[in-house]
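The chains carry the letters A, B and C, assigned in the order they are written, with residues numbered from 1 in each.
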Amino acid sequence: MLILSIASVSFVFLIGIGLYWRAAPLFEEQTLLSLFSASEWAPSKGQFGFYPFIMGTLWVTLIAIVVALPLCLLTAIYLTEYAKPGVRSVILPLVNILAGIPPVIYGVWGIFFVVPIVREYIAPQFTDYSSGYTVFTGGVVLAVMIFPILVSIVSEVLRTIPKELKDASLSLGATKWETIKKVVLKRALSGIVAATVLAVSRAFGETIAVLMVCGNVPIAPTSVFDGGYPLPALIANNFGEMMSIPLYDSALMFAALLLFVIIFLFNLVSRIVLHRVESKYSAS
Amino acid sequence: MTQHPLIRVRDLNVHIGGHHILKHININIPDKSVTSIIGPSGCGKTTLLKTFNRLLDDTAEVRVTGSVLVDEEDIYASGAEVTHIRKKMGLLSQRPYPLPMSIYDNVAYGPRIHGIRKKTDLDDIVEKQLKDTGLWEEVKDRLHTSAAKLSIGQQQRLCLARGLAVEPEIILGDESTSALDPISTHKIEDLFVRLKEQYTIVLVTHILRQARRISDYIVFVYMGEIVEFGPTEELLLNPKEELTKQYVKGFIS
Amino acid sequence: MSIKKRKAEETVFKVLMVGACTVVSSSLFLIVGTIVIKGLPYLTWDMVSKAPQGGFYIGKEGGVLNAIIGSLYLAGGATILGLLVSIPISIYLNIYLKSGSLLNKSAKLAYDVLFGIPSIVYGAFAFSIMIWLGVRASLLGGVIAVTLLIIPILVRTLDEVITTVPKELKHAALSLGATRWEAAKVILRQIKPGIYTAILLAFGRGIGDVASVLFTAGFSDNIPKYLDEPAATLPLAIFFQLGSPIPEVQGRAYASALILTVIILAIVVASHFLAAKQTKHKI
């Protein structure tokens, strides 16, 4: 059992090293900087610019968080502070079911529900033409996918806040909302940060659902109604043919390595942040 | 006991989840004095205290009937403004719960809520309340550090200062010294005695000696009912009711 | 601010909250509703009882039984393999190790990271191992990739369940002279329903994931008989059929999506039932 545990810890490094090893041939050709900044993607000519894909990933993730975070915060606050226990015990499990729905189902839903709405109703307000397959669409689908993470963790965090602390604020004449805004949310900040980081890392790596709705155009998006091409989609779409072109597999492994490193750093940073925030306000 | 009653409770009943927690409570709590509510644990004394500033409102399945008049205003009347009622009362809970912010912001929290924005005004309030609670000398150099860094005793005095900063008329203490060491307890008790010049103080306690040390009046609650109410010495030394006698002697606890 | 304004602010936010809550909780119905409306007209008995026949992909006879069975094999195999690895690990981390030790801390961080790693990365990693070992895309490859994916889920869920076991129980077992292994057995018995929940969670994840099996499991119209044969999976079948220009084939994608949704919802209901049972028997 000791060996298994140690093996599982070293497995993290094994994945990192394995991916690096496979991606290494690419570094002999190009510097890291040029890989990040170049926007030309032409595998047959040996050009591998990751800029459009990195931007695609960032846009989709950012949109997902911007859409999901306010909705989920409000929902979690409502469920824990205002809603009757009966309402809460119905809605929380419902939201949690979303976590079990497979990505491909989200993709199908995105194609038949979100894409037409974006194409017919939302995009025309801002731009001349949009196919509906945009980074915005991808972001919305992703937002729904991260609802359960955000709602369940934030509700859990809000529930742990002592009633006496809220009473202290209420008895000073604050309204319930003022208490939530100034005391509860402040106290819950570390938990909210943790939930957001988890949600972001989920959004970062989501592949199929996003691939199905965001257009897969290898150009860095300039508006939310442009198509985009996130890193995971790049890997998924091209893995089959990579063997025939030199360095192609290294480039795709590099994309996987990039995702891995980002997730790793996110977890590390969030741990440190959480630790800091907690030690600052926890009761002595 | 000719003092003017500030809080008047008329036929108050509280049900929580089908249990009759408080039964037909009638009492007048005198102004500018310390009144202790005593009784065995689970008798409803904390619930009674919480009805005074409507902190039961958020408890699930709670039903309150009857009336509580503060300054002749029924706080359970349908038009009563709950934030206004609560502003009149400072609450000191069992354990100190400093808000997750600095010492300064803790005291300034209430005044800010009620619309005081000017820095100099807030500075004055913070300084005055911290001086009144004897904290000023201990914390004046670190007003902007987290309140959680203070000792428990200091935190409790900070909570008192925070409550006083909204200029209440009444201070409600819910076993406010039960988490404190003897020295901190002593400090809080002294404060109560000093503060009764300006405030009406209602304390819940299960320590008879504490009730005796600091209160002018005692209410003895048993099984959700008021058994006896009277001036401290009279009730402790010469109780009228058999139940009170037994409790004072330590037969019921 | 006057009390009126303060109250108004609260009312505004309350309205926003109810709105947000409605949006969030209705999204499940939107998704399931869309799938049902799209899929139901195409759902036939053939879909679930037959493997693809000749000309299936241009709209002729057949069903997706190959993919259903493939998915069940894959998720089932991965869950069993995953349990064999994750139960000892979570027992070891929680019962043998002191909670502050370096290995414990780094293991918790490692599992957070592993939990967060996208399934496409697991797929890519498993694929490179397969190339290295000379294994072609097959049921075995898929099982390995999915196992990697669900081990962190299992470990984390088991970890949570074990921490709900009262410490006293462990101490009581140990103080009666039980060895750590015997104490572990006591705890295992205590968390049995929790293990079932973890299994369902992992199985659900395994059956629904595409990215990890995209390159590792291959795709086949036959129901796999051996581990080294390529196997179709339901999500992948949906994905491929959806890309077809032929309406019948697309329709089958919707019907397959409906089948997958029904399987997932059945798992959810089952785990909910188990969770309810678990709380009932808790000491």
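As a working rule, a contact is a pair of C-beta atoms (placed from the backbone, for glycine too) under 8 Å apart; a residue touches a chain by one contact, two chains touch by 3 or more.
What you see is a predicted model; the values in this text were computed from it and never measured.
Of all chains shown, A has the CA centroid lying nearest to the centroid of every protein CA atom. The greatest centre-to-centre distance from chain C, using averaged C-alpha positions, is reached by B.
Inter-chain centre distance (chain A to chain B, centres taken as mean C-alpha positions): 48 Å. Mean C-alpha positions place chain B and chain C at a centre distance of 52 Å. The distance from the centre of chain A to the centre of chain C, with each centre set as the mean of the Cα atoms, comes to 18 Å. Shown for chain C are the residues in touch with two or more other chains, namely 6.
Contact with two or more other chains is made by residues 175-176, 178 of chain A. Contacts with at least two other chains are made by residues 83-84 of chain B. Contact residues of chain C toward chain B in the complex are 1-3, 6.
Residues 53, 55, 58, 60, 83-84, 86-87, 89-91, 93-95, 97-101, 109-110, 113-114, 146, 148-152, 159, 162-163, 165-166, 172 of chain B are the ones touching chain A in the complex. Residues 1-2, 4-6, 8-9, 11-12, 15, 18-19, 22, 70-72, 74-75, 77-79, 82-83, 91, 93-95, 97-98, 100-109, 111-113, 144, 147, 151, 175-178, 198, 201-202, 204-208, 212, 232, 235-236, 239-240, 252-253, 256, 259-260, 263-264, 266-268, 271 of chain A are the ones touching chain C in the complex.
Of all residues in chain B, only 81, 83-84, 115 touch chain C in the complex they form. Listing the residues of chain A that touch chain B in their complex gives 84-85, 162, 164-165, 167-176, 178, 182-183, 186-187, 280-284.
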